[in-house]
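What follows is one structure encoded as structure tokens, with my remarks underneath.
Here the chain labels run A, B, C, D and E in written order, and each chain numbers its own residues starting at 1.
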Amino acid sequence: MDTILKVMRLSKSFGGLTALREITLEAKQGQIVGIIGPNGAGKTTLFNCLTSLYYPTGGQIEFQERPIVQEVSETKKRLIKRCAMLFFVLGLIWVPLFWSVFVPHTFFKVEVVLLGIFILSIRLLLVRGLVRFQIWAWGLMFVFLISDLWFASWWLTHLLSLGPMIGTGIPLYYFTVPWGIIAGPFSIYLMLQLFLRKVRQLYGFRLGPDAICRLGMARTFQNIRLFFNLSVLDNVRIGFHVQMRSGVLGILLKTRSQRDEEGLTTKEALKYLRFVGLDGRAFDLAGALAYGEQRRLEIARALASNPQLLLLDEPAAGMNAQESSELIRLIFKIREKGITVLIIEHDMKVMMNLADNIYVLDYGMLIADGTPDEIKTNPKVIKAYLGGGTAHAET
Amino acid sequence: MKRLCCFLFAWILLTGVVWADSIKIPIAAPFTGPLASFGEGMKNGALLKAEEINAAGGINGKNVEIVLEDELCDPKEAAMVATKLANDPKVSVVVGHLCSSSTLAALPVYRGAKLPAISPASTNVSIGKMSPYYFRNVYKDDFQGLFLAKYVKTVKGYKKVAIFYEVNDYSMGLMLAFMKEAKKLGIKILGTEAYTADTTDFKPQLTKFKMMKPDAIFIPGYAPHETIIISQARSLGIKNVAFFGADGLDDDLMVKNPDTEGLFVTTPFLPDKAGPQAAGFVKAYRKKYGKDPNWFAANTYDAVGICAQAIKAVGQNREKIRDYLASINSKDKAYDGVAGKTYFDKNGDCLKEAFVKKIKNGKWVSAEKQLQ
Amino acid sequence: MLRLEDVDSYYRKIHALKGVSLRVRERSICCLIGANGAGKSTTLMAISGIQPISSGTIKFGGDPIQKLAPEEIVRRGVVQVPEGRRIFPDLTVKENLVLGAYLRKEKRKVAESMENSFELFPILKERREQMGGTLSGGEQQMLAIARGLMGTPRLLLLDEPSLGLAPIVVEQIMGIIRRIRDDGVTILLVEQNAQAALELGDYGYVIETGQVVLEDKARALLENPRVKEAYLG
Amino acid sequence: MENLLDQSSLFLQQLVNGITLGGVYALIAVGYTMVYGVIQLINFAHGEIYMLGAFLAYTMVTVLGIPFFAAFILTILVCACFGVILDFVAYRPLRKAPRLAALITAIGMSIFLQNLALMIWGSQIKSYPRDMFPAIFLKPALSIGEVSMTWIQVFMLSITVLFMVILHLIIHKTKIGTAMRAVSQDKTTSALMGIGVNRVIAFTFAIGSAMGGMAGALVGLYYNAIFPTMGYIAGIKAFAAAVLGGIGSVPGAMLGGGVLGIAEVMGAGYISSEYRDGISYAVMIAVILFKPSGLIGRQIGEKV
Amino acid sequence: MRWQLYKKDPRFVFLSLIFLAVLLPWLPLGASTNYILRIMTTAVLYMILALGLNIVPGFTGLLDLGYVGFYGIGAYTSGLLSIHYDLSLWVILPLAALNGALWGTLLGAPTLRLTGDYFAIVTFGFSELVVLVLRNELWLTRGPMGLPGIPPPSIFGHPLTRDWEFFYLVLLLLMIVLLVVTRLQDSRLGRAWFAIREDEIAAQCCGVNLIRYKVTAFAISASIGAMGGAFYAKWFQFIHPDMFKFWESILILCLIVFGGMGSIAGTMLGALILIPLSEVLRAVLPQGLFSARYLIYGLVLVLMMRWRPEGLVPFERAQAKKAKLLQERLTVSGDGE
């Protein structure tokens, strides 16, 4: 069996609070993998990291051998920060130079001084954005780097034709030559750095939840997130979104392929609804469904995107015994389709019958993994669940 | 069903036409909104004229009825009002639209309905050429700007002038005309600054003017803002600089402000410079409304007079009234009104004199020296 | 002291509480245990007047309180320490505590209670001027309980005080809860950590999908095979 | 050399103008920022309260003949009450509704109030007659060379600073202020602490509206022009100031107001007076796009 | 059976209403026919505008206060193109729509990641900036002098001047817009928008790229607005920056809030009721109060939000109706169960 999902040393912290601490887990093709743990153990945070709703603070995620999240080393981050500082320092020289050459004789005019302060403060702001890894700073940086590059070459090529610096009498090339020599290559270097994939990732150029879904990872939510004001059928048809191709023009012209696609989607959607046992309610509003039905609809919607890996977040929560046994049957049916399922559940009872492999989380750490039988007898797990003990490995 | 009832109700309201045997002359102007005080002048002038006509036995035995249509100086409203008027068979001529933008918006409607209209107040240059059905008994902006430039140069002898204009058609039209003429006459324009109708803080611009040290500041705009501008200028310490403007400042609002002492403006109408007929008008106006007429009142008074004359001559046929109005095309055929003689050129524009008046001891008086 | 009778409540369209009845005796620790989403927190929110109930009565000391505004319920002495601490992260520890005593007028007595809580939680005294958000999880929980105590409650509702805390800290907190009870405050403790809660409590209820399925003395519940099964399957 | 002197006195005079204008923006911005901080609502109608403040003071002085300073204090009180009523009538019923609903209500309220003022007072610009104008205000307080500052500017600035300090003290040193901060962070928990959330929100509205009304009364006097649409532009600019400073933070509103006022005046003075309003809009858009947390605000994360 | 189906089909209802509208100029209304036609032309124009705006707040759930900016851009595109190049209406309309879409994309791309109220403020700022540019760039727009003398549109060399001709033209435009909007609504794109409106996070996890679909919505909305503006310029033959002030945005927003955000029928109903209302007010209200008629629009917004936030035709009811219709259609064609 192939490994479909591989999570390595994944960490996530909010402010000072660590929600996940170096989680490592993997799921193999066709398995049902359970993640259990008491409330607040970080299970949902893990799911949110997997589906890119959160961005992990550290660690790596691989899905179908494709890296979704890569780790960026501290050294790289430090390098970027140093480069950003250098960029500002070069600006300190650049601004007076610029006035001297391009706005001659007006060096002390109020407006010009204001303009200089303005440019410098923008450069400072940019540095701040850059070291905080903000996306706008990344984009704006290129504008500034290109202009720096251009001026560096301009000054180097106009070496001797420049007069002395206004107000001082010092020959300008004392400043321009070193500035040009440093700033030119530096601009190119920094641009290349910023284009690195890992660095781009730092600035938020990462796969969004939609791209993750497109790759074949679909999920449900702990507190049901359906489109309550739309019909059940439409909910599932939205699930088909990633499988459909028609664009604006096709829709406006209602081309044959668009019509066919719509018809097919409707049929398929009804098929999925039958699969989860909701075919009788396809034309009702999703908000009108009972709780258990809403859960199943959410699963149908997730299935509609034709996933390789299905993430179910507490599907049995709030269900009675009969409903949850129906749910277990449904999950087995899903597995038969060849879909790998990753389930969060805090209720061990459900999990024991269901999962091939179980990971146990407790306050953000992985405390055990193994088959259900192993887990059942694992003392750490029992402690975590029934609680109270001090016999924890950590303490 | 409910919807249908609503619709029917609206329809009945809309189509309700009042049947009364009188000649309707509608006045379309802003009677509410920021320019309401000008609209009020128009209303008063028109009502006064209608009263006089009716007292004299009406037009061909029928009474004149002034219908007030409020268009808020909003082009869209103006077009709607125009359509309403154009589709009223009792309306054969319209006196109206104060703001040039309203006039321009209403103009295609009147043209489409072949309804003649006289504007007593729209001074925008482009109006005349647009429609054969539009006339006006007021001069154009370019004339006024040119007049002012000449007056400033020859009578006042100012050499350095700064302009503080509002971003609207009237003010900018005046500014452009003034600048063009100033260049010819060798008046130095130190700078132009703008403001919008929503602002009341003019200090940044005025501070700039203060540093320019002009002889005078030209403020082509409307009275409500300009009175504040002058006050703010004085409080900033702009003391020995004269302010002057155009007919948009001819309003009692200016007199109420003690800072405006010495301000001079152009106007199409001066009570004491006009003929004996005007003296009667001024007297009647004072009696009825308890204040002096401004030029809006005078011009509207005349416009209603021209309409009445036209209806009297050719009846209530729109096409004939237009032809009649177009035929008033020379000095000897001119309508002799309180604001001077009115006759139209081939565009429907008129040529009229302008006068200068100023504020002295908190009152509007005619300037000692007029430019002839 | 507190009595719930047939309380029904809806959350959106979901029937969250289906006829919950329970009673809390004076000067005791009553535990409400159950799985995630079973309706434990909803019960507490209903008692505190945040979550509206559709039918049933909630009586505190004999008076119905289900229609009162939350602040009125607090005034009567029912104070809740909500799930997940919910301290105010941008206020200092001291300000958090002052807010706990929001409805109390006498400044001197408030200062006295603050001294008491500092005695109970010495760590808070050290962190007095620190922002609430900068405390560690255990400290936040202590702050939350101390803040609840500032309101001089007659009945303290504790919602999952052990949530996300290391076992040693849980131990500590449970000890403090016992001390509070000994000081004469009645406690309704909602827990997922059944072992810890039942060891501490006097009486227990087990709640499942909005219904009370079991109730007994805490010791007895601890031995009950159904409880074990409910958790370990 | 003389040119240089002129230049710098121009600059200084513009700075004085800008700071005064900024003070006004700051006073209005406080209302936005406080209400936003507590219930995350852009109270569009706040600009209208500012307008009402101006009209109320004007009406009290001219129609009822109350001396200005008494009218000033009365206006502040009436505006505070008005803010509370506004909250009670328009926003309280929507506390649990989606934010879009509250926002649309706010816009509706703003239009309603503006047109109500239009009906009551008419759209003409109103000015205080000279004899009812406190005479001292027009005298220059200081004048160095070409740069001058009138007493009313001094009065406005000192009032602004004074009330900002008072506000800061209220928010950070009193119980109700602590409660306000608590409510802005977590309404449910605040209710659990026995804080009357609605009462605290009403108090916030009262303070914000009092500031807005005060700004209105001052501005009405300073520019001596009062009209029904004055709240619309001023409100938007003050909102821009609040965003610039970091919405939810009172010192931020002060800083944002000052920066925006100076930027606007300098922009009108040195760049283009035609695009004067545009400068505020552009600053606002740029700040929202690039730094939504403002100069001294904190990033507000969204919960999943 | 089929007839039963058709009778309930909203498309059938719309078509019959439009048929009635086509009859309107020939009803015996006496002299005021043209006046009523003008009011109805305005109402239909606002229907188009409201349908366009509806795409953003109605379908994707973002409050757009800058719609009038695109309306203005469309109007000026149309006005300038017809004055300087004398292009035909059929060239101008798509060009104006394209220009609107261009600006919509330019504005939308950076701003659409903002949360609701910030987005509203930015769009508001945008529309104010558009008006400022229209006012101040004299070389292009003649600024506050307005743009007079726009030649009326002509069809086969016959210039349109009469009111009924414009009425038919705007009806035609309405039908086109209606077709576009309904097709979009019943497609992959429309469902993606609805998903965003209902729950952004769930939509993302269903594979909907938020930015992309929001930008698309914004661009399409802008282009419909611009098209409305293009017609407006040709109809009025004069445009002025003051016509595109913020109040217009509020008015259009008011229409869709009143009618029901997100529902097409509601949006049109809103325009059909509220726009003629303004003229009824002119007849009913005393002179001084007419200028304060926006008071009523403000009141409509407040009261609707308080008592009936979903509008006259609520979104979910429209959705439920649509689903039932689809069910019936599928049963008839035997595709369904």
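Going forward, a contact is a pair of C-beta atoms (placed from the backbone, for glycine too) under 8 Å apart; a residue touches a chain by one contact, two chains touch by 3 or more.
In this text, all values refer to a predicted model and were calculated from it rather than measured experimentally.
Engineer: Chains shared as neighbours by chain A and chain B?
Structural biologist: Touches both chain A and chain B: D, E.
Engineer: Which chain pair is joined by more contacting C-beta pairs, A-C or C-D?
Structural biologist: Between the two chain pairs, A-C has more contacting C-beta pairs.
Engineer: Would you mind checking which chain's C-alpha centre is most distant from the centre of chain B?
Structural biologist: C
Engineer: Taking each chain's centre as the mean of its CA atoms, how far is chain A from chain E in angstrom?
Structural biologist: Averaging C-alpha atoms per chain gives centres 36 Å apart.
Engineer: CA centre of chain C versus CA centre of chain E: separation in Å?
Structural biologist: Their C-alpha centroids are separated by 54 Å.
Engineer: Taking each chain's centre as its mean C-alpha position, how far apart are chain A and chain D in Å?
Structural biologist: That gives a centre separation of 40 Å.
Engineer: Listing for chain E: what residues touch at least two other chains?
Structural biologist: 135-136, 201, 288, 291
Engineer: Give the residues of chain B that touch two or more other chains, as numbers and ranges in rising order.
Structural biologist: Counting only residues that touch two or more other chains, chain B contributes 32-33, 167, 194, 196.
Engineer: Do you know which chain A residues sit against two or more other chains?
Structural biologist: Those would be 53, 287.
Engineer: What are the touching chain pairs in this one?
Structural biologist: Per the contact definition above, the touching pairs are A-C, A-D, A-E, B-D, B-E, C-D, D-E.
Engineer: Okay, in this complex, where on chain E does chain A touch?
Structural biologist: Touch residues, chain E against chain A: 180, 183-184, 186-189, 191-192, 194-195, 198-199, 201-210, 216, 220, 315-316, 319-320, 322-324, 326-327, 330, 335-337.
Engineer: Name, in rising order, each residue of chain E that touches chain B in their complex.
Structural biologist: Listed in rising order, the residues of chain E that touch chain B are 29-36, 38-39, 42, 135-136, 138, 143-146, 148-149, 152, 161-163, 236-238, 240, 242-243, 269, 273, 276-277, 279-280, 283-284, 287-288, 290-291.
Engineer: Under the stated contact criterion, what part of chain A meets chain D in this complex?
Structural biologist: Counting only chain A, the residues touching chain D are 48, 53-54, 108-111, 114, 125, 129, 136.
Engineer: Spell out the residues on chain D that touch chain B in their complex, using ranges where they run on.
Structural biologist: 6, 9-10, 13-14, 17-18, 21, 122-125, 127, 129-130, 138, 140, 143, 146, 148, 150, 219, 223-225, 227, 229-230, 232-233, 264-266, 268-269, 273-274, 276-277
Engineer: Which of the residues in chain E end up touching chain D in this complex?
Structural biologist: Residue list for chain E touching chain D: 57, 61, 63, 65, 110-111, 114-118, 120-122, 124-126, 128-129, 132, 135-136, 201, 246-247, 250, 253-254, 257, 288-289, 291-295, 297-302, 305-306, 309.
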